[in-house]
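For reference, chains read A, B, C, D, E, F, G and H in written order, and residue numbers begin at 1 within each chain.
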């Protein structure tokens, strides 16, 4: 199949060999699990349990709330210790509402929903409902509730389900391992999703630096005519949804539109496997494969981890730190988030935990920009990081916005190549945050202005009504004292209070 | 033809109004913080200079010369220029009020732009004929606009630079102008 | 009296037309190849400023808002013409050098700005003082620029002063560097801009020493 | 000589007439400045500026009687906008951007007097006579007028809380990174 | 277990590039040509080179300490070294020492540090230095000598060199005109180019560098090799060098075809003067050239055309420095109008229209 | 009312114009003679440098004539007479310098021998191309006494071009332009000797030129 | 017609807009808004309701734009709560 | 995990063109409405007004005069109404091209042609005058066209809601 070139991109040092050839190992069930109510984009889930409740594995303990949300399930059986504020796996180090579950060691399954025996006979709604019930979110890192994406078939005419197995981030091999070890589950999950979406074609895109995965997946897909496996060039960030779609179809997703508008829906390979589990066995998403790697980890490997296991447990399982890490990263080195500490739990979107040494990060002091233009060359979004960061530095965020800082998806290519080691992505994240703040503030101000006006009108009306009432009363009782009659009643009340 | 090309190059580049003749420096330092402003000012000035140099030439040839009133040139020229600006203002307003709304602010600045008067005086000093005068006016103002836009571009860039505090603002502008003038020295001798 | 003291101080240095307000740049560049020319130009401008400020101060009540600017221009233009005529008649050598630039005093921003800012609002005598001292401050600035450019550029100071002002000024002519050793660029256009820029920096350094805040941008602070 | 005087005079008259025509052409019927200024103000009529409401402040501004720095709820942005509109330079250095705040009612002190409710121009306080009053944070813009009228000091201003939803990366401090690194090398 | 506070956003990986490495590679690429020229022009050239580079470093250090920036750390980025090096290469080899020093002051203090130092300047510092010298000291800056290779007969010894560089005692007999200067002078006497071309060194000599000229002008072939090395190392892309040479060559060739008596050929323009040095090492200066590929092409063609215009019509025989400065002045505007198209948007920034799908 | 205001603007401005018109006209009136005298003196001064006072007893400006030179430019030829006999001529010649035209005044005697040359105006680079000014060097004085035959025509070049005239370091174009200009000036005389010496030819207006 | 429904706790507040038919009562609006599901602790028997700071009955008829408010009781004894200093009181009195 | 910072942003920052602004109707003349913009000018170029001695020209009142603009009143606007208008981003550039470059070009071209054909100063002058008038007419037409497309002048987008404020930057 003919592929299309994508703009820019880089070829970082991948270092996938640290973990790619080791089979997935399961983490022994930790004694305590921390399940945040929000592990996804959207509204946090609503707690269904309270302190002291006994739950079984797979039991729903928090329900999705609102349209964009996902439910949470107990990763093992045990007792709810508390619903409390616990540090989130987030660079801010801020706490969030988390269900704390103490394992009883039995790992007993709850009564699960009935498997859908023939999903291809079931209607889309049934499948979506099941996916939604199972708390499945995008497992590539963005953690967008998958059921919503599976609903797109209702609104748009779709052609292709694109399964993203590019895994372009260095170090990460969890998708690679899942593809190698569970190819049939992935293909089946993909076919179920394609059925729900109504797409005739399924394309599984895998970067060419994973030849075994390509081979195994091709074999697994060979039985199904609608399913193709395509090796895509090794080029970071090939795994970005829009770029992968461009590479496969040659079509560029317009800004502020979705790939679905081009007829393509993209899901992660691990998500497909989770869908398979949910549909065929009724199992909700309670565990995921996490790559634990980096130069500071003694025994890097891929670990099947229950959601909510603390990162300390995970690192301990991998032999602990060989050297003091410079940074511990949640996700890949390019787009991952630094962790403020190791207390935070693994969540559904955690694809990797990397403990990186200073040498691996290769962070040097920032020097002045020499306008070499490398950042422009590598930017897959066609932006001008050099100019945007200069404007942000001088607090001219509106100009940076004009230049497209909101179109940046923080892939990190520009920061990676910058010879002056300017924290370009950091600038953009800052700008995006402030611009969002401003947007929020603007919305709030508009609201407040309206509120004030509404109130003024209301009070005017009330005064008017009172005056009218008074005028009506006046002829009747024309001996009433004219001055005091209009005084608001509230004053007397107040006096009573005082 | 070649003479006209030379006249043009000489007036626009070699003896650039701003960089070699030092005319119109107020607007050069003042209205060059943004490119589109510089373009607006440049085009407005180009129009006014061209029109007023024609008018000034006519006043010179048909009023001052016959009656030997050259000593009144300063007064008459400046009034002709003021009238030309006023004329432009009214015409633009007549032609399109929205245009006027957008460009109106530049026009009053032009009356006191010494480039306009300077060009008029120069074409008298050089005893040019009508065609030369028109071309000279036009070429000079093209050179003016060119330098204005270049300067605006540079200053937009420098607004992002970490200019030392002592140099920030006007001194930096002068140094840029100095370097720009240095670059334009490369054209010297082009008309010899 | 205090008012006049402020006028003098402002005009000569504090609020100097060139260094602080960045006005009248055209002659400040064009006529400062040598200190002598600069001095001549400065004095001519000062004369125009003093005369026109006085006139405007006198007639300020007759000038309506709408015709203000044209009248100001007219006043300056007339004064300039007078200077032009008198200089041509009685200081012909100087006129030969400054000739082309005398008419341009009209569109020098400084006289107009002072008419607008001061003379239009004050009575005759303060206006005259303001015009005169602003003009002298302008002369000082021009002469400083001219002196720096001349010394660095050609190694002389007030060369040809005797030719322009009269034989009495022969004493001012000095040579500070040997023949042909100056940095020629200084008397060429780039040097003009450079020296003005550096002198503004110099004034800032003095201001900082004196414990004052740096005046960031004269008329255009946005820069 | 007569030609000189004559031509100059004629020119003057013509130019003056031209100007007159222009002035007539451009005449404005009213001065909309006050309206414009009013629009720049938050419009919550909080009165912290010392004037009765935003309109009065705007009127004072238009007349040049008031300083542009008086509007507290509007913050730095409003000051700058007003300054820009009026063509003055505002010294915003003293008006450091305050962190956004909202009012908060200490429940143990609230006696349900409804004074604050009447004071609030955005209906951000909910409650009734002798019943608990509560601030609706989303509707509160932090004017702090309620704080002044509360008889029991039950209302305090608290900073808007930073949560995972509104947290964002701070601006990178390059100089600091540089210094840190140097310190690192020194070890 | 305590780990570093998360004070920096992703990415947590970085390529091997650094400013110092980039500058170092450029210096490396310049080395062969420099060594050859130092050999060619002997001791005086070595002295001038040393003085100029040292002056640049000292001025840089002075400016840095005045600005309160770390001196040694910044000096180590090699940018001042490179500026000094390029400035030295654009001077006549036997020029007096003060030329190098004055050039260094203007290049580093005026053109670079008054804007805030590395990366903030808008004009190429080395070319500012050279241009200031050229218009200030036209005589010294246009006094060329024929090559006197080190240790060859007639070459000045160490002591003679001291006299030349520091004593200002230029031997009278050795001066010679550069090829471009010669043609220009002859043309002004109405001697056709074809005729005057007979007096300038042949193409091979021009390429190999056995001719009069500044250190950077001679030895085109070694400069070319250095440039190709930089391209191979991906320090520079082909866009600027090729478009500079292309613009110059095309203009020169067209006019040469029209009137060979008045206009020198494209090939001559390419190998003479500082074309190669300008195209590969000066116009490609990151800080002062456009950042996008399209912008670089426009910049390069502009440089090429201006070089030809200035060489052919203006007063100065060599136009590289002026052309580069003029295009530097246009760089911000070029940059603004050649920004790449953002993903999913058209050139204006509007979101792309949604195409009709088959 | 609007109309009235329009009118009054015109009147105010008109009144000022009238006032200044009178002042200026009067000033012109009192200065015009002095300006003329200054201009005349100026001209005489420059002529005096190329025609020694000893060889004439007339006012050089009075006996001027106008003719065209080789380049079809109108030039004024000033003639020195002693006892009614022409003893010398002076006229403007033009050379092409580095930065533009160079205007010189050439004075010759009746045999075509150079009495003196002076630069009137030029745009050459100060400090480099201005060495022909008598203030700077005495280079220009070396032409005194030379004529077309002395040195021979082929030697009327700068040394660099195989002629006999010095040039100064860094600049060849300027001296070359001047040498050419002088040679052309001498050739003009050679070709138009009769016409130029004809005192009956129509005389030029003494104060023409310069406003 | 559109009316607002609000309930507020110190840390969590809700203020929804709901569309109700003309002539709807306070109770109708509360039920329609679903606010009871969000705050299960609301007990309409115990807690008072009102419109814009005025206590009203559950079966009061609404007008467009009204805000239905569900109140909580005060927790302190108004008699024992310390009052602001006299000066402050006077000032607020004057303002009020 | 990207939990923070999700705002339902209705603003496409990078999109060009139409910068919205609020204007108030100050007069209605026939089918045209006069409006005064409420935000600052887009050019910010008056910084040199003081420098050039035309300070008075740049005062608030006079600048407001000049910023009055006219718009076809299709929407039946009344005095005092506030409306949202959109202005194209690079309008100043386009506007100055239309207002000055077109007439100037026709003036020079017609003058040049007349000079080449007739070679007489008076004819040339006449031709230039004709060219200028023609160019002014042309720019009027162009301005009209572009105005119709909303590329040049502010155009009516919608009536401003009560709470709508001007977008300050």
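Structure notes:
Throughout what follows, a contact is a pair of C-beta atoms (placed from the backbone, for glycine too) under 8 Å apart; a residue touches a chain by one contact, two chains touch by 3 or more.
Since the structure is predicted, the reported quantities are computational estimates derived from the model, not experimental observations.
Fewest steps needed to get from subunit A to subunit D, stepping only to touching chains, is 1. Following the contact convention of this document, B, D, E is the list of chains adjacent to both subunit A and subunit F. Greatest Cα centroid separation from subunit A: this falls to F.
In terms of C-beta pairs in contact, B-E outnumbers the other of B-E and C-D. Centre to centre, using the average C-alpha position, subunit E and subunit H are separated by 45 Å. Subunit C and subunit G have centres, each the mean of its CA atoms, that are 73 Å apart. In terms of their C-alpha centroids, the spacing between subunit C and subunit H amounts to 38 Å. Chain centres here are Cα means. That of subunit D falls 29 Å from that of subunit H. In subunit D, the residues that reach two or more other chains under the touch definition are 4, 7-8, 11-12, 14-16, 19-21, 23, 43, 111-112, 114-115, 118, 123, 129-130, 138-139, 151, 163-164, 166-169, 172, 177-178, 182. Across the assembly, subunit C contributes residues 22-23, 66-67, 69-70, 74, 78, 81, 85, 109, 112, 182, 184-185, 188, 190, 194, 218-223 that each touch 2 or more other chains.
Among the residues of subunit H, those in touch with two or more other chains are 3-6, 12, 14, 44, 47-48, 51-54, 57-58, 66, 68, 163, 165.
Taken together, the subunit G residues at the contact with subunit D in this complex read 6, 8-10, 13, 15, 48, 50, 52-55, 67, 69, 71-76, 78, 81-84, 88-89, 91-92, 95-96.
Those residues of subunit G that touch subunit A in the complex are listed here as 52, 65, 78, 96. Residues 454, 458, 494, 497 of subunit A are the ones that touch subunit G when the two sit in their complex. Within the complex formed with subunit C, the residues of subunit B that make contact are 19-26, 29-30, 33, 71-75, 77-79, 82, 108, 111-114, 116-118, 121-122, 125, 155, 165-175, 177-179, 181-182, 184-185. In the complex of the two chains, the subunit B residues touching subunit A come out as 159-160, 162.
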